[in-house]
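Just below is one structure, and these are the notes that go with it.
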Amino acid sequence: MSNPAPQDRAPEDRKDSMAESAATPPAAAAAAKRGPSVATRERRDGLVNPSGETPYLVVEDLSVKFPTADGLVSAVNGLSYSVPLGRTLAIVGESGSGKSVSSMAVMGLHDRKRTRISGSIRLGGDELIGLSENDLMKIRGDAVSMVFQDPQSSLHPLYTIGNQLTEAYRVHHKVSKDVAKKRALEMLELVGIPNPPRRFAQYPHEFSGGMRQRAMIAMSLINDPKLVIADEPTTALDVTVQAQILDLLNNLQKEFGSAIVLITHDLGVVAEMADDVLVMYAGRCVEYGTAADVLANPRMPYTWGLLESIPTVSAASERLRPIKGLPPSLLNLPDGCSFAARCPYVERVKGELCTTQLPELLPVDGAGAHTSRCHLHDKASIYEAEVAPRLG
Amino acid sequence: MLYFVARRLVSALSVVLATLIATFALFFVAPTDPAGAICGERQCTQQRYNEIRQNLHLDRPKVQQFAEYTAGIFTGRDFTTSGVTQHCAAPCLGFSFKNDRPVTEMIKTRFPVTVSLVLGYAVLVLTIGVFVGSMAAKRRGTLGDRALMTSTLVVSSVPYYIVALMVALYLTVLYPILPRGEWTPISENPAKWAAGLLTPWLVLGIYNCTAYARYSRGSMVETLSEDFIRTARAKGLSDRVVTYKHALRSGLIPVVTIFGLDVAGSLGGAIFTERIFDLPGLGVLVLDSLNSYDLPVIMGTVLVASVIIVVMNLLVDIGYSLIDPRVRLS
Amino acid sequence: MSETLLQVRDLKMHFPIKEAAGLGRTKKVVQAVDGVSFDLKQSGSLGLVGESGCGKSTTGRMITRLLTPTAGQILFKGTDIAQLKERELRPFRRQLQIVFQDPYSSLNPRQTVSNIISTPLRVHNLVKKGKELARVQELLERVGLNPEHHNRYPNEFSGGQRQRIGIARALAVEPEVIIADEPVSALDVSIQAQVMNLLEDLRRDLGIAFVFIAHDLGVVRHFCDEVAVMYLGKIVEQGSRDQIYNAPQHPYTQALLSAAPDLGTIRGVPPKERIRLVGDVPSPIDPPSGCRFRTRCWKAEDICATQEPLLEIKPQSSPGHTAACHFAEPKVDLTAATA
């Protein structure tokens, strides 16, 4: 019933499990199943995660562009992040920020003919970009799986839950229907669906919203994936059910030790779930660091704006301070910082730097893993003196 | 489920009854004179006219006539012409005095022809039409898709009877690449049965495939953009399984409705095809009886057609509930 | 003390449904709203909070008479409008406006903004011919849109701007009450705050009273002086903002507050006390006997199944704070401890 205590996920535990898997010969069935070999991981990965651990998923300089009749839509620009096993990265942003698009790229779910993807996506050290559709298919749903926002529309309405679960298992395992059914029942039990044998034979419309999302999670975990991408997994659910599902995801992560990329617009969910946070704006990462750093010591005016916009349950602040204006068009991104047009601190930067030169993603304190993309010099003092008091 | 079927049966029966009354009313109550029509204009004497009226029981009250007609369907009835009594066994749909045969018997000989024709047609449109549509949907926006859709538009903008006539004339008569249409019962010689129907099947099937390709393309394009298709791909299923298992089942639902009504309509007589390819089906029977004012035959065929439509509708609904578990209760 | 504008008394909405059963058919009833009462003061703001299926939207639709209640009274300035015929209702329609959740489907895509906003003006004869455009532009400016854009179509606007158009349409007839049905839940966070501020301005400057329907407890806390928490068609707790958020009495309110993900919690910092409800909301077709919440309640005892708790002021609670629970007791500190 309770949230997993943070102590349970001590870094030592994770390192142990990593060492274990690294020691396993790559030929071992379990490791081989996942494709990318674990032993070679460290050698190939240059990138380190804010936690300092060796990451499982590494995204480097990822760009996703869609050619359209109106021009080239730059949905994601030069995005880099990494997630180790057992850790949760939350990608936060508003609609059109590129948070879903970037994750669909990790799954290789974009229509190849309509998308231009560049950069690097490495899973356990193995490059995904440039893989053939056939090779990607082997990874999808197996090493990487996805939980979608709306379980109502994301489950096939015409097949039973059992059918959909066993199908997911049998794509990646050459087993009989009975074996797959056993596994499916196990998973339904695991995600807390009462009376699995009866539920197995039912259709999605006979499930409630929360139960559907549980079934969706059961399906995405059925192949024991190392990376789970959860795209707004609770946005379509009621508050009390949302809490149940978030708890479930947390508990399952402890059990399976998988890496989670959580895509959300809800900073409250981020606060409860994430180890690391990446804030996206107009297709770019604007701030990246541990959840404690980003939420407690944000160093980018957009993040400040988001925090100030939220009416919280815990405090009725005076007046909300919305971010003025609208996000820029992805067809025609401005020179300089894409947030400049809405940023209340532009005048504090000398010259016209904000509108002419794109700020780099740099460590906020000169070194360290907390980075932000902003020209402001005295971000820390502005936050402490002006923003933090308003947040209460 | 039981309730659903029971309710549908009741509504189906009421539709058939309404059709029965309507056709009956049309020919016997409306200000036309069936006896006069049958009698003809030239050699019609008053005596012959009266005799016809008597034979047809036209001298009796309308309600009684209707009751007799309806009762005939269930129990059969006797007709007397010029002193000769003929029994029309149940289900008796009347007696054609022009042909001196019970209507039921006439329909019975014609029905297998039309059924054979429609059967082949149904297989063609469902396989080729839906397949082509799905392919186009999968490749929507590409050159192939556009070429395919343009060609279906071109084909379907030429009237059907012209296509059928041209094929019959050029491909079976002038350059006999395809066998000429003719009717052989399947019980007699299956090979000959198929050969005689091949050309009409192809013409009717391919022509209408274009429409089916467009329906199913539209429906599939919509389905392929659904969230559950994305889920299916995220599971690691191949493109083929995603399209032909996950998408097609949903995409077929709207096509099934059109298909059911289309087949029902064709079973009532594929007039052009039967006429052009010389197949003695229901459509030709309707045409002939219209030409000769053979009212009992017209009534009988209309009634049969309405029963077919009602039955097909029922089948479509049952088909729905098989495809889509969500409609089972309603 | 300002005057009471709207009094809702024991409002009920029961939708009949037909269900097949064997060869026959059973008639059942969805008790979407089952006996809801509240008051709304002039320029007040009442929040209706609850999860899907609790009847909050249905209540809003009944007040604006988009639905005719099965039973109960809706007294607007003393006149019961619950069962009025369309013609008698017309003057009241002007007073009670609604703003919908989805800014995409609630605006006709084939009408210009000017047309959308001026239609209610014409229907109610509120403006002289020739003055319509000026009024439309005034309204657009009022909701923070460029008045020059009156000739555009809804699809040329973003979600937040469309919601502003919807608000301008409601404002056109100078209503005294606006029912805002999840007005910001389809919007992005930063845009949400813009619209919230706009609604607040309208309330302050124009003295419009709001019934604010939302599932987001943060938004409601921010906007509403009075809050009513609904569960399965009934109000389970009602009181002022502080009463509800700082000293909730009903277990369901406590669970809701506890479940709301809050910025105050940061992973690693042990959070506030957690209440986790099990299962989903039961079907309103066949709600649990007695207290409707008892199937998910950790405090439930035998009495809860047999005796329906009344919505009443509990001995321990402050004036005006009602709760419908046999075992109500205040719980503080459910929301994260932010200093």
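The first chain written gets the first letter, and so on, giving A, B and C; residue counts start at 1 in each chain.
Quick note on the criterion: contacts are C-beta pairs under 8 Å (C-beta built on N, C-alpha and C of every residue); 3 or more make two chains touch, one makes a residue touch a chain.
None of the values given here were measured: they were computed from a predicted structure.
Of all chains, the one whose CA centroid is most distant from that of chain A is B. In terms of C-beta pairs in contact, the better-connected of the chain pairs A-B and A-C is A-C. For the pair chain A and chain B, the distance between mean C-alpha positions equals 56 Å.
Annotation: 33 Å between the Cα-based centres of chain A and chain C.
The residues of chain C lying in touch with chain A in their complex are 51-52, 158-160, 188-194, 196-197, 200, 215-219, 221-223, 241, 245, 255-271, 274, 276-281, 335-339.
Those residues of chain B lying in contact with chain A across their complex are 142, 226-228, 230-239, 246, 249-250, 323-326.
On chain A, the positions that touch chain C within their shared complex are 1-3, 5-6, 94-95, 208-211, 238-244, 246-247, 265-269, 271-275, 291-292, 295-296, 305-317, 319-324, 326, 392.
Across the complex, chain B is touched by residues 107, 109, 113, 133, 137-142, 145-146, 148, 150, 153-159, 167-168, 171-172, 203, 205, 216, 219 of chain A.
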